[in-house]
Each structure stands twice: as structure tokens, then as C-alpha cells.
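Once you scroll down, you'll see the structures, which are given as C-alpha cells.
Okay, so chain A shows up in both of these, paired with chain B first and chain C after.
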Partner chain A sequence: MNTPTQSEVRQGISVARLRALWNDYLPYWFMTPMVLMMLLVTIFPGIYDLYLSLVHYDLSSPSTMGSFAGLSNFETAFVSGDAVHSFAITIAFVAGALVLETCLGFILAALVTGVRSERMQTFYRVTFILPMAVAPVSLATIFRIMLNTEVGVIPYLIQTYTPFVAPNFLSDIPLLTVITIDTWNWTPFMFIIFYAGLSSIPDTLVEASQVDGAPLWRRYVHVIIPYMKPVLFVAILIRLIDLLRTFGLVFSLTRGGPGSATKLVSINIFETGFKFVDLGVASAIAIVYLICIVALCNVLIAVIGFEGVWD
Partner chain B sequence: MATTTDPKHPSRRFSKETRKQLAAIGRHTVLLIWSFIVLFPLYWIVSMSLKPPREAISLPPDWVFLPTVYNYIQLAAESSYVSAFVNSLVMVVSSVILVLLIGVPAAYILSRYDVPKQRDVLVWILSSRMLPPIAVVIPFFVIFRALNLYDTRIGMVLMYITINISLVVWVMKAFFDGIPETLEEAARVDGATHFQAFLRVTLPSAKPGIISVAIISFIFAWIELLFGLVLTNNRAVTVSMQVYQFIGVRQIEWSLLAAATTVIIIPVLLFVVAVNKYLAAGLSFGVVIKE
Partner chain C sequence: MSNGSKRRTFLKAAGVGLLGGLAGCTRGAEQKTPADSETSSSGESKTVSIPLKEYAKANIKWTKYDGDSINIGAVKHPWVDAIKPAVPVFEELTGINVKWNILPEQEFRTKRLTDVSTGAGKFDVIFMDQVVNQFRQSGWIQPLDPYFDSGELFDESWYQPNDLLGVCREAAHGAGRADMWTGMPITVEVLTTFYRKDLYKKHDLSIPKTFADLRANAKIIHENENGVVGGVARGQKGYGMNIYIQNAWIRAFGKKLWNTYPSDSALDSEPAIAAGKSYINLLQNYGPAGAASQTWSDALSTMQSGKAGHIFADANLFWDGLTDPEASSVSDSIGITKMPVPDTSGGRFAPNAFTWQISTSKNAKNSEAGFLFMLWATSTPTMNWMHVKNGAPFPVRESTWLNKDFKKQVRAKYAEVSLHSLKNAIGDPFDPKYPEWGQKYSEKLQTAIAGNQSVEKAFRSAAKQAEQIATTG
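On to the complex of A and B.
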């Protein structure tokens, strides 16, 4: 019988030791990649944006590249530039879309929950979530075709079947058009979450209020909406965050125009940074935007509290 | 005139049954109108892609027409479109695999252990979603150029991981919370190591969650435009970017544009229909699951 050589013994020990290391510290191995990734995607961009906002980083003028700029980037953006205007546009866009999507989503979810036939309920549920699958750029294509003044079907239908004159949607009422298309795209998100929330309301709760003979609106105001509060808040919070991130849809629909009528903050940053290649000024706007969003989210999370939502 | 009166409430003009029926009719009317609003643009783009170019833009529209695959053949001949499509597919699929490898184990630990400051860790993870991509992309643009990651698939995969990591961790944590620990403990009593118990017992039970979160991650990466616009130039161009360029350059070829759009919508539509049950949990980061 062969006796194991010394090197084999050593190898055996080290493999066993490695295995022990792997098993004993499993939680650490499991967490480390995620933590590294999170550092990379949260801490790094924040700090780097801050750094860029404080130096001259205009790719078109290499002579000043990297020199300390103080607050001049902020001045360029907010005092002499149109950054303030883009913040106002963003607030109008986000508020309009959020209100429309929340109300529509809730009404649709309430209506679908009341549908008796299982089949029809599934049909509505699946149909209503479809718009969410459409990429912003495809959505922009679809509506640019449908709204086009020469070949578009929507102006054609309005002209032919209604007494109204069709406006040029993308140049006469651009912000309203953008809000409406975003509502088409994302009401499904509100719908599906409210639908899940409404379906999880215990039957006994609704039955009890029905026996009392409470009219429909009272049942909603006093029983259903209070019960749904955590779901409503979370849905609104997440939708708000996503609306503040909006870029693709508006950029490919209007490029921020006409003029700067739909120039959201994200489009303003993009143009400053990658069209006028001034990353310093772009970062200054980005930093202000970041601070606003993080502050807003923290206030909302503090007000809502996650009590009873996740644990 | 309606003659039936509700005996209990003489003031009401209709009986309870009639009122219920009226309510149902009203309900379905509203829901069907919304279904129409949802389906019409989708129908329009697909039908346009199936019409010959001249017919596609004729008004009044031809509601009845002979479908043709002419536009799709044209599209397949467009080598820039085809290569962007393949590019996107490769990058998005690899990013989904990687994000699962990173996120699922972390979610498991967050579910099973008393991680210090657990709530803060979870909010931190969620905060990566609060950062607007436009703010994130500037530092990455500078660093990618320095590291030669600009216009590479690896760079894009990295960016796609950043979009989805919070989603994967949150949804999978909720899923693992719902899987009883007892099975895993039994396996360990039988001599399995911690890792084996995770791999052979817990992971398979979490399969539905993993599949749905993978599909949702796929969708979010697939529809992304900004990262492609900023971080690629020609080698790693995405399909969204290609369609975006079609809008600018080939304004006139409406039916080709319709076909290009249809091709990138259809796979995602099918996915959404497939995971519609899990979608609420996925999109709201699992917070809706509390039963």
C-alpha cells in the first residue's frame, strides 16, 4: 500500500483548511461582492461628481482641465445657465405624471378587483401591464409616428371625427404630451401594485363594512384606503424616484424641446456634459439634483416609516 | 320609466339586482376603454410593420390589408441593427447572470442572519436606485475612458448590474424570508455543510423568485437608453440606441422604423405576460408581499 507523500499530505491539509475557511466565513463571502458593488455604484459616483463639480473639466478647453474652479461651475449652471428652469420643468412633469398615474392606477385596480369573472380579470390584468414592457425609445417611436402631423393616425382621427382642430402635439403642448405618454407607459406600475394590495385585503373586512350598509365611497375612505396606506406610500415613493430618473422617453421624444419646454434636469445634465462636453458644470447640476433627491427620499421615508411594510 | 323599486329603499329607482347589473356594465365599459387605449398603439406599430412602406403611412388607414414581411427582411439586411441586437442580447444576458450571482447570496445572508444595522444596509441598497443614472454616468464616463472600458461590452455589463442590484437583493430577501429554515437545518443535521444546505435545499425552493427577478432585470437592462448613449460609440452599441438613431436619420422610412420597434418590444411583451403574477413583488422590491 502506498503511503501518501509529504506534499500530498500538505495539499490535503490546505484543501481542508480552505474548505473550513469557506464554510466558517460563508456569510462574509456571500456579502462581500454585493458590498463592493454597492460601494462602486453609490459612494464612488457621489464623491467623484462632487470632485468634478469643483474643478474645471471642460473637454473642449484642455488648458484649464483639472484646475480648481471653486463654485464657478455652479454659477455657470444656475446663475447664467438654465438649470433653474430645468428644475421647474422637472417638478411640473413629475407632479403631473405622479398624480395622474396614482389616481388612474388606483381606479383601474379597484375596478378590476371587482370583476366577477376570473377570465376577464386575468384578461384585464395582463392587458393593463403591457405598456410597461415598451422601451422608452420604442415608445417615443410609436408616438412620434402616431402623432405626426402628416402621417399620424391621431391627428387624422381628431380632424375627421371630431369638430376640434388637432394641435401639433409635440410642439404646441409638448409638456402635456410627454406627461400623457408617460402616464400611458407607467400607470400599469401603479395598477399592478394597487391590484396586489387590494387583492390582499381580507374579505371579512370588506364584508363587515358591506353589512353596515356603508355606501361605496365611505367604504373606500374609511376602510380600504387606510388599510392600503403602506402599499400606497411605497408605490408612490418608488414611482416618484423613477420619475425623477426619467430620461429616455423624453429625450427620444423631444430632445428637451421645442426650445427648452421639456428640458428635464437629466436632459440638461446630459446636454451640458456630453453635447457641450463640460463635465464640470454637468456635475455641478448633478450634485444639486442628487442632494435634492436624497433629501426628498429621506424625508418621505421618515414620514412614511417602513414599519409594517417590510418587517 | 323604470318601474321596479327596491322594497327596502323606496327612494331608489332600481332594484338591487338592476343596480348591480348597471354597475357591472359601467365597470366593463371603463375597463374596455382603457384596454383599447393600451392596445391601440401596440396594434398600430405592429400593423404598420406588416404593411408595405407606401401603404403604412396612407391616411385614411387601410384597416384591412395583406400582411407582408418585407420590412423585416429589409431590417435583417441592416447589419448595424442586427449587430446592435446581438450586442444587447449578449450584454444583457451576461449582466443578469452576474447580478444574480452577486445579489442572491447577499439576499440570503440578509434574510437568515442578524446582519448589524440590517435596516440601514437595506436602505443603502435601495438608495442605489434613488441616484439618477445621469448623475452616475458622468463619473463612469471619465473612469471608463481612463481604464479603456469606454465602448466595451464589459463596461456596459457593469452598468447594467448597477441598475438591477438593488432590485435583486430586495426581492430575493423577501423570497428567502418566506422559505422556512427548518428544511435547511434538517439537511445540516444530516451532515451537509452550510453551503451545501443553501445550494441543495434553499436555492431550489427560491426558483420561482429567481426566475421572475431575472426576467425583470432583463427588461430593465434591455430598455435602457442613456448608458448606451453615453458609454458606447460603435463596438458596444445597444439596440435601443440603434432605434434612437433610426428616429433621427431615417425619419422617412416609417415602416422600417415600425419593424425595428416591433422586434425590440415583442420579446419583452412575452416575458411580461409570463411573469405577470410576480411582477408586483418584483417592481415594488418585495414590499407588497406581507401575507
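On to the complex of A and C.
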């Protein structure tokens, strides 16, 4: 048997070292492409957005383009612009839709979980998640027609079968209307998550509380909801972030109107950036909005806490 | 053959068909149509839809850019459909290859903005609208005068620029704000009033000449016809929506949009507020319940379905859709008349006119060839062919409006009302900040139409915002 030469030994050692390096840091190697991708799609645009918010970037005024603006873009947006109003509208929209979707989603999930027949459970599951499959823009178009006071089916049904006069949904109660339609569209998302959560509760836990003689409401308050806390928290957090990003449905339905009654922050950013071509001011609103969203999520996490969520 | 193999064969055939279809859609210029089927762009046969001799009379060097290509950035618009079949004639005449980039309106606006502001210069010819002065002031579009002055590219006696309607020439000069050509006009529309002839006959109404007449007629129909409102008009916000109509109302009441631009808006003047009240009261009292969110297409479809007595004032181009038996249930009962005049002492006949123009950007690579296309597209032979032979209803040349065949085709009443209105029309003087303050003003107007704010408050607030935006811009 030949003895390995010195160079072969050296080569063997370096390969072994490389292999060790690869094995020791294996998870990091696998994550590297994704981390790079995230840097590319989040960090770079974020920094560029911050830069735009600090310079004059009004495409319709090329003479001042690119010059340092200090905080004047923020001033334009929040002092003389609609930004404060759009923040208020967004808070009302998000709070309304989130409460409704969470409550309805949970109630529907609890009802379906209580259905004994497997086949009927499947039927209800499929039926209830159907609205989620409709794209927001299509949904808005359909509802625009259905709510039309002249030809829409909803005012017709109200006028014909109830003693009430149908309101003009998009003019008289626009914010309530968009909240309701968003609720119709996204309650299925909450339903499906809560349904999965409720289905995962051990039967023994519920049976034990039944044996102890706890009435239904006590079972929910003291056993089921505490057990569901992680699911509730994650579902609410995901839906909250998604609601804060709402654009297509409301824009297609009302264009932010009448006037600016449904002008969400996202619509304000779009109009400022792409209609008025003032990317500096649009970026300033976006930066403040981003900070608010991150802060809100952190407050939520701090108040509810991750304790018990990931156990 | 097995089912699997049948399915594969079907999928393959469907795939090829779909790809072919898509290719046809995206390369519209290559689509076969009755008109260009008789056209040969490279062969010896010279049978084209418009005889080339019509253009040979011009002292223009049509073949100067033989072999070049031009990119046209266009909105998905009836003008495109009307001119496309004739484009092989241009290609035959000049040897210039035409490539279309057609997008829906909103997408096109974003694409156009990106193209000009980044200096990409992809489009040699672009559709131009309310942003004309914003683009002109930013130096993104070229004045066309140097091309007109070139001895080789223009022949005034053949082209006859004075045959272009005055309101269109004005629009193509920065909406009246520039003394140079910012583009060439391609389509024009003017505000007119539509009414239901059958209901007029039933209630013995006469054609409205004043706003008071219009209001009285709308009231009678609204109160006596079950399921039919007095009239419809645009209430939705947007600078192409409610204010497109309201601006004309203000001018009819004897006022302009600005007392002095950019420091003194006239929106808070008494005539403007009176105009606002007149329009809003009409919509609130005799319009549909959701008037504030009605777009022009809503107004059109409500009238088409027989649920409105009038379209108070909107584009004359609705005529086609309203009188088409396949699209309108009241096609036989539609009447068209001029926009009425206010009953006030300063009232005047001043319908709004809107002109699409085509321009060339500063960074375009083939502006000269693009200019030849503009010239060809708006010349008398092309204009006549598009409107007489290919059904377009929006000529920008007076001679086409007076053409007997055209008048016969669009019906004499449409031609008569439209031409008279166009000759007296006033276009919006789109200032560079119009897209921005117009949007805000339209929001205020919509709020007032919805009844959520008084007309006075809405107009005063709109004036303040307009001044602020225009002066700080």
C-alpha cells in the first residue's frame, strides 16, 4: 500500500476542513440565498424610500428634483395634505374590519366544529372559504353593480322585502360598506385558521370540563379560548398587517370617496405618488406608515406577548 | 386513440391556438382586417385602402425615413381601432414600420410617465391629455414647430392646418397655454345633452334651451315616470369625471377656472358657486340616488337601460352607444341637442371640448418619423377614410364634419349639433398643476354631490387648495 504524499495529505486536510465548515454552518448556508433575497427586496427599497422622503422628488417640477428637502415632504403630507385624515380613516377601517372578521370567523369555526356529520363539515368548510377565492378587484366590481341604487340587487331586495328604505351604500355609508365587504371577503381566512385551531384541541380537555359540569360559555372562556390564544394571536396579527395594506378592494369600489371618506393611507400614497407624481411626499407618508405599523405590531406583541404563543 | 393521447393532442392544439391568438393581440398591426387584406406592404401590388396618390400630391418627402421603425404608445381607444386598418397605407407610403404599444388608460398613464421622466424615450409617438402642460413645462415633450418649419416634412397648402377645428388647434397648443404645437389633434368630443324623445312626446315637452327648461323637463319625467329618473351625469371624482362637466357649467355661468393663475382661483366666485349649485341640485333632486359615485359609463348604461330621461350633458360620442339597438333598449327614442344656457344674465353657450393629441417626447429616437405619422394620421385623406369608411365619429377636421357621406352615416342631427357645439366650445386650459388641484377639487365636488358638505364650503375649500397647489408647485 502506498503512503500518501505530503501534498495529498494537505489536500485531504483542506477538504476535511471545508466539509467541517459546511457541516457546522449548514443551516446558515441554506438561509444565505433567502437572506440575500430579503435584503434585496426589503432593505434596499426601504433605504431608497427613506432617501426619497428627504429630497424633492416631484416629477412635475424638474427644476427642484433631487435637492435636499429636509422634513418639508413630511410637512406637506401631514400639515397641508390629507395624510392625517387618511390615517384616521385607516384606523377606523382596520379596527372595524378586524373586530368583525375575528368575531364572525370564530363563531363560524365554533359552529362548524360542533357539526357531527363529517360530510356536512366538509360542505360548510368549502362553502365558507369561497368568498376568499374572489380577487378584491373582481369583488369590488361585482359589489358596485349589486349596490347600484338603480339596477343593484341589494337595494332592490331591501326595498321589496323590508320596511326600510335602502341607503345609497357608496355615498351615505361608504366606510361601513367597505368594512362590510372586506369582512365578507376575509372572514373565511379567520374561519379556516380558527377551525384548524379548534379542531386541534384535545377532546380530553373539553370532556374533562364537561364532566366537571362547566356550561358552554365557561368552557369557551376558561378552556377553549385560553388554549386558542396562540392561534388567535397569529391570526389577528396576520390579518391586521394585511388590513393595513388594503388597497385594491377600496380603490376599485370607491376610489377613496365620496370626497375622501374612504381614502385609506394606501390610496393616499398611490394618489400622491402616481397621480400627483410627487414621489418625495408619497415616500414620506409611506415611511411614517411603516414606522406606525412596526410600532403597532411590537406593542401588540409586548402586550399579548409571545409567551404561550409558541409553546 | 387513447384518451390520454386525445387530451395531449387537444392541449397542444389549444396551446398553439392560444399563443397564436396572443401574438395577434400584442402585435395588433399585423392583424388581418378587411381593409388591409388588400394591402401589400412589400409586394408589387399597390392596392391599398387609401390611394397613395392622395398623399403624393403633398410636397413632403414621405420616404426620407424609409426602413425606420416607430413606437406608438397609445390608450386602448376607438381611435386606435379606427386607424389601425389604414396603417399599412402609411407603411407603404413611407417605408416606416409602425409598432403599437396599447394599454388601458390608467396603465398607459403610468407607463408614459415612466417613459418620459426617466428619459427612456421608448415611444416616438404618445397619446397626450390633461397632463400636456405638466409635460411641456417639465421639458418632456418636444414642440413640433421645427418639424412644421422643415421644408421636407410639411406642406401647408396640402395639409391645411386651418381646416383643423379651432378648439382642437388650441388643445394642440398646450390647451391654449403655449404658442407652439405640443401635438397633433386626433379626436375631439364635446358636451351635448341627450333626452328621451318618447317621454318628451308623452309629456308634451319642448327641447330645453336653458337650464331652467332642462330642470323643468327633468322634474316632470322624474315625478311622473315610475322607475325613471329625471337625468344622469358624472358624479364620481377624478379630473376626467365630475369636473369635466362642472368646468363647462362654470364657463356657461360666465366665469373661468382662474381669475389669475396661479394666485387667484375663481372656484370660490359667485358664478362658480351658482354653477355648482345648479349642477348639484339637478343631480340631487332629479338624478339617481347614487349620483355622487356615477362614472360616465354608469350614466351611459343607465340611459341605455331606459331608466333616465336625460343625460344632462356629456360627450357627444355617447350617441353611437345610445342609438345602437344591440346596446340600448331605447335606441329609437334618443334625441340629441346642445348643452343648455344658464338663465342668468352672464350666461353663455360654452360646452366643454376634449381633444386627444399625439405628441413626441424629448428623448424619442425617431421623432421625425413620428412626426410624419402624426401628419399622415391627421391629414384630410386619412381623416376622411377613418370617418367615412371606417365608422369613426370624432373628426378634428371641419371638412370631414361637412362631408355628406359622413353626415349621412352618423345621422345629420348628430353632425349638426356636434359641429355647432364644437365651433362654440371651450377646452379646459390644463395648467401644469391641473392633474393635482383638479383631483382635489373633484373630491370636494363629489362630497357636495353626496350631500356631505354645502356647495359653498366645498367650492371655497377647493379654491383654497387649488391656489395652494398651484403656487407651491
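Annotations for the structure displayed:
Heads up, the rule we're going with is that the second predicted complex is superposed on the first by the 269 of 311 C-alpha atoms of A that agree within 3 Å, B and C clash if a C-alpha of one lies under 4 Å from a C-alpha of the other, contacts with A are read in each partner's own complex, and residues count from 1 in each chain.
The definition used in the following text is that contacts are C-beta pairs under 8 Å (C-beta built on N, C-alpha and C of every residue); 3 or more make two chains touch, one makes a residue touch a chain.
Everything numeric here is computed off the predicted structure, so don't read it as measured data.
After superposition on the shared chain, chain A has more residues touched by B, the comparison being chain B against chain C. In the superposition on chain A, A:S209 contacts neither chain B nor chain C.
Legend: residue contacts after superposition of the two complexes on their common chain; A:T180 is shown touching neither chain B nor chain C. Contacts of A:L170 after superposition on the shared chain: chain C is touched, whereas chain B is not.
When the shared chain is aligned, chain B and chain C each come close enough to touch A:V151. Looking at the shared chain after the overlay, A:F274 reaches both chain B and chain C.
In the overlay built on the shared chain, the residue A:S72 is in contact with neither chain B nor chain C. In the superposition on chain A, chain A positions 151, 274 are in contact with chain B in one complex as well as with chain C in the other. Residue ranges on chain C touching chain A, taken from their complex, read 110, 113, 117, 134, 137-139, 229, 236-238, 288-293, 298, 302, 305, 307, 432-433, 435-436, 439, 443-444, 446-447, 449-453, 468, 473.
The touching residues of chain B, counted against chain A in their complex, run 24, 27-28, 30-31, 34-35, 37-39, 41-42, 44-45, 48, 57, 59-61, 101-103, 105-106, 108-109, 113, 115, 119, 122-125, 127-136, 138-143, 161-162, 165, 169, 174, 193-195, 198, 219, 222-226, 229-230, 240-241, 243-244, 246-247, 254, 257-258, 260-261, 264-265, 268-269, 271-273, 276, 279-281, 283-288, 290-291. The residues of chain A lying in touch with chain B in their complex are 22-23, 26-27, 29-31, 33-35, 37-38, 40-42, 44-46, 48-49, 52, 57, 107-108, 111-112, 114-116, 120, 123-138, 140-146, 151, 153, 156, 160, 184, 189, 192-193, 195-197, 200, 230-231, 234-235, 238, 241, 244-245, 247-248, 251-252, 265-266, 269-270, 273-274, 279, 282-283, 286-287, 289-290, 293-294, 297, 301, 306, 308-310.
Against chain C, in their complex, chain A makes its touches with residues 58-62, 80, 147-151, 155, 168-172, 254-261, 271, 274-277.
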